[in-house]
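The same chain A turns up in both complexes below, where it pairs with chain B and then with chain C.
The block that comes next holds the complex of A and B.
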């Protein structure tokens, strides 16, 4: 059963639409739980309030991690995979019943895991490093969810096979679907890795296996833990291209290059998980340098390519629309009042300047010594997963509400402000955490005054200032997320129905007109911006190495 | 065009000049970062160690205990203090929830720290220099350190290791000369003043002619308390965040849970013995989240610890 979209002209399989909707709904539920926990955590670490007991602090760190990094993101990605492989290609969903099975497994895993965490049976953090042991049902919950997600990924490939048979695309699939395919391939590798480590751990928690070696566990676990973030990156970048297309009619200035960058992700990112083990025993420097340089840097290169390709697609389109004055008219005259567009641009900036720079520096063998397991690490991935992926997913939802849920956005005025609020909140949170970490503050730590310990330690007094900033940033981001959730829930369940193109509140731009470029450069403004990014990176790079050189000698 | 198939000839399209420039810059940067890491191994002084030995938590805690017995020169808040010789091997252990021993190091000298865990993963986090290393059970990680500044340093734990994680903090003091020891209260009397615990160790020194006396038992009990790490949870200053404090404990009536039932017991010799041998049997009400692990103590050590607890009755 298809409907033909009266706004975009795409053929939409109603069964696929139903699955996309439900996965998106569970994504939002997970996010709500995650951010409520996040607020409580921020006010626990903010020492003047110190809200939770140590028991509940660690419980909610686990809960927040699992819900924010796994459930919210994977539910949304499965929705994205179904969207990219059916709606975009105008085809039917290959096996709707299996789609339902996948959803049921994922929801069962989601509920079971959360119950076990909140019941206090799994205070093990998201990483659950052995020999820390949780209740077997906790591992079972994660396994159920992962199997469900894996099935969803397989169905995505099933859809692509139908698309090939039906010749739904010519030479090659659209770039958005291509990027989602990248995400799906990485997801497949990741989820299988997850099975390799969670199944023995599950058996160990049941007492059937005597020992799961701590070193082996951590090594393989990060094959899941890190690579899964690369699913997010691939999905996020795909949505960036999509956003440029929807908002200004932009297309990659060279699709071959954009696709090459996606291929680099697939080939090199999985080995980069080695950067989680840089200060660990048992692994040689040769192994560490090899895995985090040749592998990681070619994946970093891919992100650098996208960092140029995404903004240049916007710049090039804007110039062809006539915003051609000077270096930055295209940026100033961009559709900033479109919340999807502003989300995507802000996500791109935050991901690069905060998450990207710190990611590369913290991922070097030696500089990792001065940040490993400090709060700078979650600070870094607030810059990637939260400003990058989460804000991007929030932004694209403003298009999904009318196009997939067929409802008008309620509170569009609020929606225009929401991405900015979220961006500034998380930027503040993230940068404060990075600075705190550089000053030695540990992550996942209930009491920075070390009450009950034989000694105490007073951090640099500057930390007080950054704790306050972190608290303010966290609160701002929490409010922004709440606004987003309210807009989504009210629109989807109570919003007025969309009956045709006249009800579409956000524009869908026509393709930017063909035009000859003037001057030697296709996107000079973008080049300046990327060079500014490079300068920021180099400054941070030398600051970190300077600090490292001032520490004790160690080999 | 991300929602539509690309236009005809997309594959043959020439790469724009600026995009080419950017890709080249990025690629060169990636190569530089790679070379930089390698060069730091040659010219830099801070590189993670390449030396690890396989061990087991049992073996390592035995090595650690023997090392402390041999080299301990004093006690700081229940943590044994050791002043290792430069270039010597130091056995440094993390357990729930303490680092042991506290170290006195000489500025500018190298030391070989063997770091491992007795139970879970821990995070060795040296402050304020902010150097961080992962500590595993079952892996003896040999890190060679050279302190570059004199002063007092703390070792935090930055890998989650259970509910008392935040109390896990150790101490390293770096001195330029022995004069500095006074500053930290580490100018202990001669090393021999500390008696060796247990029955299997060296005889007491000349000052303690009556090793079986009650006084000696208490001293030996305090040493067991320090060596085995009871101090990590049981304080003697009345604070009781993770476990009942030992001062004023002996003879007290405590509410405990046995098989889920709440009963009242009097803390006497028999109860202390039972709590050490089978700690899960009766759990004091209020401390259900921090159930005590089993520590392998022999009868002699149990007797000494009991004497120590008794001696704190009126403190």
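The block that comes next holds the complex of A and C.
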């Protein structure tokens, strides 16, 4: 059964809509748990407070990791996959009953895993490296969740097959759906790898297998652990293109190149899992260099293409709407009061300048050694997964509330500045963690003062300043997340119903008009911004090599 | 979303880029060969730890 959206004109399969809604609801529940744990962890690592006992610190590191990096994003991505393959293509959901089975498995896995962690039966951290052993039910919970998610991915491909049969798209699918297809392929790789390692580990925890080799476990586990974050990248970039289209009527100035960039992700981005094994002695340098370079940086090239294509799509559209003065009128007069738009632009900036630059530098075998296993690494992925993915997902939710949940956004005034608050909070947190890591502070460590230990170490006194910044940034980001969750929950469950286009609070732009290029370049402002980004990257690149050279004196 | 595809694209590349099952196969194959199999082979070929070194470590 379908409804026709009176705002977008899309045919919406009501069964798909129900599944999208429920996956999104469980995503928000996961995020709430993850950020509460995050705040407690920040105030534990902040030494003047040092809130939790060591036991609860490691328990909540596990809980935070699993909920933030797996449950929140995968629930949301499954919602996105269903949206991209049914609503956007105007087709029915291929197998609603299997969609329900997928959701039930995922929710069962989510609840079981969280219970086992909070009950103290799985203090193994998210990576659960063997020979650390958790309760079998913990591994079972993860397996149930992964199987459910894998089923969701298969259903996405089922929907695409229906779309192809029904000729729901012309020569090629819309760019947003194409990006979500990329995410689905990476998800397939990720979840199958997860099954390959979690099933024997589960059997080992039951005593049915004698041993799971620690080196082999790390190799295969990171095929899940890191690749799962590449699902985010593909989904996030797809939403950036969608956001440009919805907010200003922008389309990629060269859609074929954007698609090629997605293909490069499919082929090479999962190789980056090797970053986590750079100091493992069992693997050769050839394996490390090839894989950590994403096959000679072809997947990095893809990100660079998107980093130019997304803002240039906004600039090109804005110029065609008449914002043509100088280099940056298009940016100044962009719809900043639209929280979905501001989220996407801020996510793009944070992902590139913080997450992207550090990702390439920390991913190199040589410069990695300065920060390996320091707090700079979670600082880096706060710049990718949190500023990038989470802020993007938060932003697009402001469109999902009226379009999918059919409710008005309650507290739109708060929503307008929530992305800014979240961005500055996480940027402060992330950069502070990166600097602390550069100063040698370890990650996943309950007590950086090593009090009571057989040896001690005095960090550079500047660390005190950055610990304070980290605490302030974490608190700001926590409050911004809480505001977002309150807006979403109140709007979805208690908000006024959307009865027609007149109730749509966020504009949906018409396609930008065709127009002649004013100067030599289609997007000169974006070109300048891209060059500024490259200059930043080169400076950081140089600094890290300089620090590496200074690590050991040569006499 | 508006399709800006350049119609002059060669059929070969269009074929690769538009066939999602082929892309799925390519993604799985490249990752499996370069990351998984190559890595597993390297770890499998490591010499076993000598017993006289292993014993004190596992006690």
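Heads up, the rule we're going with is that the second predicted complex is superposed on the first by the 550 of 555 C-alpha atoms of A that agree within 3 Å, B and C clash if a C-alpha of one lies under 4 Å from a C-alpha of the other, contacts with A are read in each partner's own complex, and residues count from 1 in each chain.
What we mean here is this: a contact is a pair of C-beta atoms (placed from the backbone, for glycine too) under 8 Å apart; a residue touches a chain by one contact, two chains touch by 3 or more.
These numbers were taken from a predicted model, which means no experiment stands behind them.
Peer 1: Check chain A with both chain B and chain C modelled on it and let me know: fit or clash.
Peer 2: Taken together on chain A, chain C would clash with chain B, as the superposition shows.
Peer 1: Given the touch rule stated above, what does A:238 touch, chain B (first), chain C (second), both, or neither?
Peer 2: It touches chain B, and chain C stays clear.
Peer 1: Answer with first, second, both or neither: which of chain B and chain C does A:267 touch in the superposed model?
Peer 2: second
Peer 1: On the A-aligned overlay, A:461 touches which partner chain: chain B = first, chain C = second, or both, or neither?
Peer 2: After superposing on A, A:461 lies clear of both chain B and chain C.
Peer 1: After superposition on the shared chain, which partner residues are touched by A:216: those of chain B (first), chain C (second), both, or neither?
Peer 2: A:216 sits against chain C, while chain B stays out of touch.
Peer 1: Using the superposition on chain A described above, determine whether A:193 touches chain B (first), chain C (second), both, or neither.
Peer 2: After superposing on A, A:193 lies in contact with chain C but is clear of chain B.
Peer 1: Would you mind checking which one, chain B or chain C, touches more residues on chain A?
Peer 2: In the superposed model, B touches more residues of chain A.
Peer 1: Quick check for you: in the superposed arrangement, does A:500 touch first (chain B), second (chain C), both or neither?
Peer 2: In the superposed model, A:500 contacts neither chain B nor chain C.
Peer 1: Can A:157 be said to touch chain B (first), chain C (second), both, or neither?
Peer 2: The second partner, chain C, only.
Peer 1: Once the structures are superposed on A, label A:185 by its partner contacts, choosing first (chain B), second (chain C), both or neither.
Peer 2: It touches chain C, and chain B stays clear.
Peer 1: Contact-wise, after the overlay, does A:413 reach chain B, chain C, both or neither (first, second, both, neither)?
Peer 2: Neither: A:413 stays clear of chain B and chain C.
Peer 1: Counting contacts the way the document defines them, which residues of chain A are shared by the two interfaces, the one with chain B and the one with chain C?
Peer 2: 170-176, 213, 215, 241-242, 245, 251-256, 277, 282, 284, 511
Peer 1: Note which residues of chain B are touching chain A in the complex, please.
Peer 2: Its residues touching chain A are 1-6, 10-11, 13, 15-19, 21-23, 25-27, 29-31, 33-34, 36-38, 40-41, 44-50, 52, 76-79, 97-98, 110, 119-121, 123, 125-141, 143-148, 154, 156-171, 231, 235, 239, 241-242, 289.
Peer 1: Please give the residue numbers of chain C that touch chain A in the complex, ascending.
Peer 2: 1-6, 9, 14, 16-18, 20-21, 23-24, 26-28, 30-31, 34-36, 38-40, 42-43, 46
Peer 1: Quick check on the complex: what are the chain A residues that touch chain B?
Peer 2: Listed in rising order, the residues of chain A that touch chain B are 54-55, 58, 61, 88, 123, 125, 129, 131-132, 169-176, 179, 213-215, 218, 238, 241-242, 244-246, 251-257, 277-282, 284-285, 288-289, 292-294, 297-298, 300-301, 304-305, 308-309, 312, 360, 364-366, 368-374, 438-440, 442-448, 450-457, 459-460, 511, 520-524, 526-527, 530, 534, 547-555.
Peer 1: Name, in rising order, each residue of chain A that touches chain C in their complex.
Peer 2: It comes out as residues 157, 160, 170-176, 181, 185-186, 188-189, 192-193, 213, 215-216, 219-220, 223, 227, 241-242, 245, 251-256, 259-260, 263, 266-268, 270-271, 273-274, 277, 282-284, 287, 290-291, 295, 511.
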